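Below are structures written as structure tokens.
Below are two complexes that have chain A in common, paired first with chain B and then with chain C.
Entry: the complex of A and B
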């Protein structure tokens, strides 16, 4: 293998695949990056066996070939080189790197020993605009469980039906559901559970809102491929049945308050200062006014033997007075991903879930379980 | 853990000498002056629970396999032990201590901390300690050693050092000087493994440990162990906590023969999970932490635990966590297992954070409670889950308690 490329491109490509490099592993070669010529381009790939990321960059190929080299050393060396032409030359199992007056040699392992990057192509396929998927991921993936006790909950339920894509994630205390549009309708309803970690990585790889992303599931329904421009990510699909989440979304409410997101966020942030010592409890009291517009909400927290705080914000309140306590972090998590200026908070009793929705759009439901407190 | 600030404290650590053996001797005076070992039959696979000072002279110590104790001290009298009698004696012992201060914390059957700060009307601390020792001897015929110090850890080390039938008082300000020359193994929390590491770093005394630079210590033992260095410096602000509820509950068993049969290991864990789950439900508690204990054939013992955000009292949840811990432990080290144990801890009485799937767990809890009801009435063996069939076959219907 012999080729040359620009430091800037190689560095960027390594940054893209870097997160798929295995860190703690029983298969040492997965700590390497696979470098190979692919037609007239240079292909970089890495896998931790859960996800695999490949990236293509422009290069001038003199001789075809492939090798794997330790990802960390290679990446660190490339990133410290000046932005100039880099030549890569494979001699037996040693990769020779030259850039101006700098050079290095790295001993590699045979590319044939690298775990095969799964080929996904023969199953269900659809397309979505990057902007749509990025928004969906940012509003849902954070709600997935990080504990392994129920593996399906570490994933995001991903459903394709008609021209809709629905993403849902729950960690036992909260549930996020987002609906977005596909570019073309799909024939049959397809659903799969994709690891939230894979979605976090995909989110990181998205940088062109207008591009189309191709989503393909293999025929065995075990893997899914996301195809971006010059980047491909393959993820394992979590096997199992996702809980029926639609029945967890309350259909009615006793009190509905419309609140300014920024003000709500500020009040939650203040409460969490005092809530930190307790179990993160923020107490929310919704008080209707003489008119809908004259309603208000107080958000308070207390820390035993230290002190307490109360914040009051205006709200449009429809329904009865209500009291409910939440983990402050769950509220700030959801408020931080909502782009709209206002949200609605719907509650029924102190022990029933609260629902937060952005005002003005109808594509997102966020259910938060309350905390049981003595008032 | 609660901490007390400001005022200097006076803490007693009262520890009964060779407790099980002494109880046996009270019950059977003919055993006096002879080497006695409580733990089980020497041909069995148990370990020494308690050894008389005569047996200790041969090198026998607690937690040593009985077979080895027999080799070291062939003339010893081996007793299987009489747990219920020990509990009775322990109650009498604790009742005496409770008379001297409300701030009193038992640590097992045979030892307790007593915070006597402000109880000056007894005269000097030394006299008070003598009084307590005499009363224990008079009323229970047991022998206690007492350590007096401004903190728990120093008091405990002092009582240990004073044995048998001893009394050591460490005055405020002298903790460091007292601890400094002692070997590091005397520090509670320094086990075989830590001791090995310290030895390799040429740290042999508590004083050397105390003088280790904080950064070096952190680097070698982790931030979570910094308390050990503080203890070595005589600093321990933890309070003597009034008699509280149990903080954990556990079960363990030593197999008749070392085993690498994962089916048997899982069946045993299932059985423990059902026992521990029933205890939790009975006391209306839920646990957040599940800890697996494994002792391999070569006696290396590991503890692996998992804490979840969601507390549980369900047999299956406990079992699933236990199995995950077992699988990851065996994946790292697949060797024959001698002992297996399971512990649930980090109890909460009522859930503050309500869960999305509470309805589901409630249903499962109802099933578990229905089984509890049947077992209460007709015995534990009256109903059995498939997981534990292997145990039934192995022990022909006799499930063994740890």
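Entry: the complex of A and C
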């Protein structure tokens, strides 16, 4: 293998695939990156066996070939080179790197020993605008469970039906559901559970909002491929059945309050200061307004022996007075991913779930189970 | 005081009974007599578990030829004379029963000489009768030799354990007296072997060293304090010293060795959460209390006492012990030199109070330990143990308020229990509810969890519930069950080793730890942090001599 490329491109490509390099592993070669020529481009790839990321950069290929080299050393060396032409030359198992007056030799391992990057191209396929998918991921993936004991909950239920894509994640205490539009309708309803971790990585790779992303499932329904511009990410699909979440979304409410997101966030943040020393309880009291004046919401927290705080914000309240306690973190998590200026908070009783939705769009439901406290 | 036979109105008020159960009961009575006689040196010798031979010799005041004849009679004592005296007993003996009881079940030789006599009196008793008298020579003091215990009572003999067991009873008894009377030189020989020897220099620590070893003795913390009319003094082990049996608790009330559940409870409470479960400290407590505040006349072998006011004794002991423990040192980091100067590591660190020095986090090690810099050096904090302590305190506070913080489940979590877990679940559903669990039966051995304690972060809830049930089920001691449950919950709710923390999270953790009752140990008694002092660093790097 012999080729040359620009330091800037190689560095960027390595940055993209870097997150898929295994950190703790029983298979040492997964701490390497795969470098190979692919027609007139240089293909870089890494996998930790849960996800695989490949990235293509422009290069001038003299001889075809491939090798794997330790990711950390290679990436560090490349990133410290000046932005100039780099030439890569493979001699036996040693990759020779030259850039201006700098050069290095890194011993590699045979590319044939690298776990094959899954080929996904034979099953269901659809397309979505990057911007849509990015927002869906950001509003849903954080609500997935982080532990392994109920594997399906560590994933995001991903459903394609007609021209809709629905993402849903739940961790036992909260549920996030987001609906977005596909570029073209799909023929059959397809659903798969994609690890939240993979979505987090995908989210990180998205940088061109207007770009189309191609989503392909393999025929065995075990893997899914996301094809971005010059980047591909393959993820394992979590096997199992995602719980029926739609029944968890309350259909009615006793009290609905419209609140300014920024103010709500500030009040929650202040409550968190006191709440974090206890169990993180933020007590929310909704008071309807009189005919002319606005209603309000008070948010309070207290910590044994430390103190307490109360914050009050204006709200447009529909329905009766209500009180309910939430884990402050759950509220701040959801508020931080809402782009709209206002949200609505719907509650029924102090022991029934509350629902938060952005005002002005109808594509997101966030359900949070309250904490049971003495008032 | 002359020895007199007590009048019937007094003897009828004495909690009498068979006091001689086994060889160690003989040793106990004889040692108490020696101590009452003001002995500064007591030599005990036993053969064959004390059954064939047991001798106690002292350098106490001794007895005159006339007195010794009275002493062996029933209810003959020099220690009390009238009923009133029972109200404020300051001697160990007071019933005048030991010598006659012993001589009724064994062959006894008494050799004694008091100050005024030019020669010692020798008496030989069989079946409680004096069979010979002689004049012999002996310095002031008394030796009593007891042979062939229970020879005439084969039934009693049958109840004795192996001679090893009986010997060990004697040894632990002598140990207790050695701890109670550090100013008395004790020497115990068992089957010709030197088993215990205390210097009798009046220092409790050297007595502890003789009994439990130098290492333990050096680590023991000074206990001292007064509360109202009580004065409590002694030694207690730091949490780093742990024993698997309660037998390392020694209580002396007005210098009498006693078993006492009130004091035991105070120790247990003081050490709660500092020791691993099933572990016990080493504690020696001397309680000085006005004689009228305590009734010693409740148990045939005087092993138990009754306080007039149990709760004030409990409170006082707890307070004094807590003050001591608050000063307990952090386990120090020992680098290479295991033995060289290990002691100084403990002492260089100022342990003014239980509060932590103010700590600045430096980073995280192995995603498990927080490195922090504070007054006097480097601190390594075990993130799991530290968080466990924080949560444990929160759980206990919530329990005290009878108000657990509960997080509802959006969707009930179904768990399948083993048959034994189900039994525990049925029995202790109430206890689980008190901790914040709402769990309902749902078909055979399946249960639905509808709400959980808020401190659980939601991970591994199924495991958490199951292990909690196992722990509760395994705990025999009802009083410990609650504690076990709290420990188990704290452990499951706590961040695990291997979890990356950002600097904000680390700083928060330390801040919360500072506010806990025992920031230096986790609820299982393991340390939350270790300390590498600046001096030690200097020394290890060869910057100082």
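As a convention for this text, the second predicted complex is superposed on the first by the 373 of 375 C-alpha atoms of A that agree within 3 Å, B and C clash if a C-alpha of one lies under 4 Å from a C-alpha of the other, contacts with A are read in each partner's own complex, and residues count from 1 in each chain.
Following the convention adopted for this analysis, a contact is a pair of C-beta atoms (placed from the backbone, for glycine too) under 8 Å apart; a residue touches a chain by one contact, two chains touch by 3 or more.
Every value quoted in this text rests on a predicted model; they were computed, and no experiment measured them.
Residue contacts after overlaying the shared chain place A:174 against chain B and chain C alike.
Using the contact criterion defined above for the overlaid structures, shared-chain residue A:369 touches chain B and also reaches chain C. Using the contact criterion defined above for the overlaid structures, shared-chain residue A:305 touches chain C, although it does not reach chain B. Contact with neither chain B nor chain C is seen for A:151 once the two complexes are overlaid on the shared chain.
Judged by the touch definition given at the top, the superposed model places A:276 against chain C, while chain B stays out of reach. Within the superposed three-chain model, A:248 lies in touch with chain B and with chain C [touch as defined at top].
Among chain B and chain C, the chain that touches a larger number of residues in chain A is C.
For the contact definition in use here, the residues of chain A common to its chain B contact set and its chain C contact set are 147, 149, 170, 172-175, 243, 248, 279, 281, 327, 351, 353, 367, 369-373.
Residues 145-147, 149-150, 170-175, 243, 248, 276-281, 304-306, 327, 351, 353, 367-374 of chain A touch chain C in their complex.
By the touch rule above, chain B contacts chain A in their complex via residues 308-310, 317, 320-321, 324, 350-357.
Residues of chain A touching chain B in their complex: 147-149, 170, 172-175, 243, 248, 279, 281, 327, 351, 353, 367, 369-373. The touching residues of chain C, counted against chain A in their complex, run 394, 397, 403, 405-411, 413, 451, 453-455, 458-463, 508, 512, 515.
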